[in-house]
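Two complexes come next, and they have one chain in common, subunit A, joined by subunit B in the first and subunit C in the second.
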Partner chain A sequence: MSGAVGREPVFPTRQSLGLMKSKLKGAETGHSLLKRKSEALTKRFREITRRIDEAKQKMGRVMQIAAFSLAEVSYAVGGDIGYQVQESAKQARFRVRAKHENVSGVFLPQFESYTKDGINDFALTGLGKGGQQIQRCRETYARAVETLVELASLQTAFLILDEVIKVVNRRVNAIEHVIIPRTENTIKYINSELDELDREEFYRLKKVSNKKQRDNAAADAEILAARQKKKEAELQAQKSTPAQEATGATDATEAAEATEEAAEPEEPEPVDVLGEQEDNDVIF
Partner chain B sequence: MEGLYFNVNSGYVEGIVRGYKNSLLTGQNYSNLTQCETIDDVKLQLGPSYGDFLASLPPNPSTSALAGRMTDKLVSEFRYLVAQSTGSTAKFLKYLTYGYMIDNIALLITGTLHERDTRELLERCHPLGWFETLPVLCVATNIEELYNSVLIETPLAPYFKGSLNHQDLDELNIEIVRNTLYKNYLEDFYKFVNTDSDFNGPTQEVMSEILQFEADRRSINITLNSFGTELSKQERRKLYPEFGKLYPEGSLMLSRAEDVEGVALAVSAVAEYKTFFDAVGLSQGGGSMGGIGGSDGKSLEDLFYQKEMEMGKLVFTRQFTPAVVYAWMKLKEQEIRNVTWISECIAQNQKERIGNFISVF
Partner chain C sequence: MAASAATYKDRQLLAVIGDEDSVTGLLLAGIGHVTDPPEAQRNFLVVDAKTETSEIERAFQTFTQERKDIAIVLINQHIAERIRNSVDNFTDPFPAVLEIPSKDHPYDPEKDSVLKRVRRLFGE
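Now for the complex of A and B:
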């Protein structure tokens, strides 16, 4: 997995480690949010599917009744009224209004049908015979169209939701399978690099302190040798100034102390880093 | 004595029509038709009476195609009768076509009003309502031109004259125009059968009865259908033919009626219409306005059709009259409607209402 996902091209620094950690956290929050959104949408989607099924079956029945009422009209009128109806219809009696519905951030268009009762353009069609059948047929067809409008709004919602659910799921999967592992990889990488650096640093410090110890030892030896020499010189020239001897001795001890002090403040830091490393090792 | 010279000129036509009448579908045929499972079966059952006309239909034709072919047969038979007739019989047959002409002209007027290309409307015109100057109507591009120069030349000109001017054509609803024309036509036809000396006797008797019934039926239907529309009572009254059993008292009451009860009251003077209204239970004011939902599944319209068919059937008991042509045409039309209904029921799988046709033989 980690090999396939790779990691982000960052410098393994402490700052980018912090950045990556916050990114990981963000990705996890986003993932859970998107997952919830996708679930909400899917729930809605299922409901719409169920309603589409109902509406389609209803449409089948209603259309059948409507077609039959048209047959009744042609029986009663005994001719074709299509042209007259077409020509006399001027204003729409049956109208559709479009609305928006917000389902977890997705705008679904909703069609709402309503009739304008005042408009009845072909009320006089079939005045001589069959007029009542024609009006009845019109009512039946109005109901059929109502069902169609309902179905249309459901179908549109269905398509849009389908698309949105796909996008959301893609995002969820991308976060789950790409972004989170990659961020984790990056964090792991940064940590290992930092460990490496720390180890190097520790090693270097050890080397430095070793060298310093060596140097100190050499210096001490030198000093000792110098003292020896001085002692010998003193012994040789005991009658020369004794005051000089005291100053030289204090100088040497002071220098040794100073080197020890200089080495000491550096030592706690590597220990600190070590502690942190151990913690990290426990994590990964 | 009235039949003495009838056969000299019109005997052949009458004989032919009686022959045609025998090919009308009977109750037996209808019960066979209702048993059909597909339109192809229907086609097969119709074979004996409609053979050649249905032969060219593709398998499983649409109901409208089927009805179209049946109408073609009616038209060709009628044209043959027209070609064979002379004198007042020919005139009588011409009168029969005027009703279809009114429909065609109304169609073309609608087209002209909405500035459509009326040429393509010619195909939609009923072939029985075809007359030579019908295509000329398409030349007119506006309604004034149509009225002044074209409609005058049509056989229907007398019906326009006096009751409609070109402004009316523009302003009135086409249905009102159509019904005005039809009213004038019915009155003219009524006058014609009652005044023509050749028609003394049986023609006058049966045709008067039929036309009176037709007039009353139109009045009642117009009244019922105008409830809830912008048609005013004065306008409505102008559409009632001025003859018939309901005229004048019934018509006056009809013109004042405001609901179905009012109509029932208006027609109660005539016993047979009263029985119709009683049969459908007067409950039409409720949910199913005149719909098929009466006592035994019959609507008022169905009862009227039934009555018309029975009158048509009775006409065949008379001899020496061209009225049989009228009766035959009406019966044939009803037959086409019946077959359309049955095949529609079969096509849409709504068998429970399939028996809702009218068969008188």
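Now for the complex of A and C:
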């Protein structure tokens, strides 16, 4: 009964049986829903993984092209512009904003790049020469950064999905391997206990009715016996009364006649009478 | 979910840790941002052969932990190698840490912390 997962600490009553049954039903519904959620997320996850792989390859190519255009710039300018660029950077023109997308209740952020107008930190860069190359380089790098932003949103989605899928799968497994077996165990336990109580009750009722029957039979027998005895006693009384009356009368006359003569023969007679009465008393 | 809307609402900037060429290029694209004085903070760090690893480490921690306006941290892969432990241990979704190739160091997918996880998940 109490397998590896045990059962819940409940009293085996019909009420808790009902509770457990509804709990089992809820757990099964939840399990199937979570399972579906996990499948939807996994599908999305695989798609994102595939796209990450592609985007990383693309990023490699794009960055190579960008680096090449930068090399063109340093050739055209004829010196290093790094320092000048670093010093003149003030406000970010290229920014990202995050939108979010809802995948089965999970919010996946999606970075979206936009350029803030009116900010141009590098208006003077390449003023002397190589301005055209610098312009081209900026465009190339802007495209490269867009690719990077796309990749970053994929990667963030990947990380979040990874975590969420783990959590969901943990829940699915917990319901499947712990909650459902335990609830089933509990239901089995309650059922067996209730059956046991039923059997006990049945046996008890049987015993009680047996006892009642026996008592009734005994009482009947007693009444019958009593009646019998009464009859017998009545018969006996009918037989003995004439003789008793005769003796009583003679006794009385004798006593009245000879009280002074002797008290000895009188005494046994009242004893006899008493004995008779006593018998009568017992019978009735 | 751990990443609520508030955590990435005001993350608008990108940050770079890279060699001079990468940083210059990305700055030309317009991602450079310097916060207002008195505590002027740049969102980029130029790393060369003389830069200490501890300095890279500190910049990485600043960009990932302290600053709340950075959405994406770009880091050159060969620099990420130097602070590999921190990069691998940083698993929060925000900001997104992205390893990018540099001119002298072609991109190697085997070393990327995210791609490593991708590969591991699919058992390749």
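Points worth noting:
Here is the rule we use: the second predicted complex is superposed on the first by the 221 of 284 C-alpha atoms of A that agree within 3 Å, B and C clash if a C-alpha of one lies under 4 Å from a C-alpha of the other, contacts with A are read in each partner's own complex, and residues count from 1 in each chain.
Assume a contact is a pair of C-beta atoms (placed from the backbone, for glycine too) under 8 Å apart; a residue touches a chain by one contact, two chains touch by 3 or more.
Nothing here was measured: the structure is a model prediction, and the numbers come from that model.
After superposition onto subunit A, the partners subunit B and subunit C occupy separate space and fit alongside each other. Shared-chain residue A:Gln155: touches subunit C; no touch with subunit B.
Contacts of A:Val96 after superposition: subunit C is touched, whereas subunit B is not reached.
Contact with neither subunit B nor subunit C is seen for A:Gln15 once the two complexes are overlaid on the shared chain. Look at A:Ala67: by the touch rule set out above, it reaches both subunit B and subunit C.
By the touch criterion defined above, A:Ser192 reaches neither subunit B nor subunit C. Of the two partner chains placed by superposition, only subunit B is touched by A:Gln133; subunit C is not. Measured by the number of subunit A residues touched, the leading partner among subunit B and subunit C is C. When the shared chain is aligned, subunit B comes close enough to touch A:Ala76, but subunit C does not.
Least inter-chain distance for subunit B and subunit C in the combined superposition, rounded to the nearest angstrom, is 6, based on C-alpha atoms.
When both complexes are aligned on chain A by C-alpha atoms, subunit A residues 64, 67, 71, 80, 125 touch subunit B in the first and subunit C in the second. Every residue of subunit B that touches subunit A in the complex is listed here, in rising order: 63, 103, 106-107, 110-111, 113-114, 116, 121, 124, 126, 173-176, 178-179, 182, 217-218, 221-222, 224-226, 228-231, 239, 288-292, 299, 301, 333, 337, 340-341, 344-345, 348-350, 353.
Those residues of subunit A lying in contact with subunit B across their complex are 64, 67-68, 71-72, 74-76, 78-80, 83-84, 87-88, 120, 123-133, 135-136. Taken in their complex, subunit A has these residues touching subunit C: 49, 52-53, 56, 59-60, 63-64, 66-67, 70-71, 80-82, 85-86, 89-98, 100, 106-107, 109, 111, 115, 119, 121-122, 125, 134, 137-138, 141-142, 144-145, 148-149, 151-153, 155-156, 158-160, 162-164. By the touch criterion stated above, subunit C contacts subunit A in their complex at residues 1-3, 5, 8-9, 11-14, 20-34, 42-44, 46, 71-72, 74, 91-94, 96, 98, 100-103, 106-107, 109, 112, 114-115, 117-118, 121-122.
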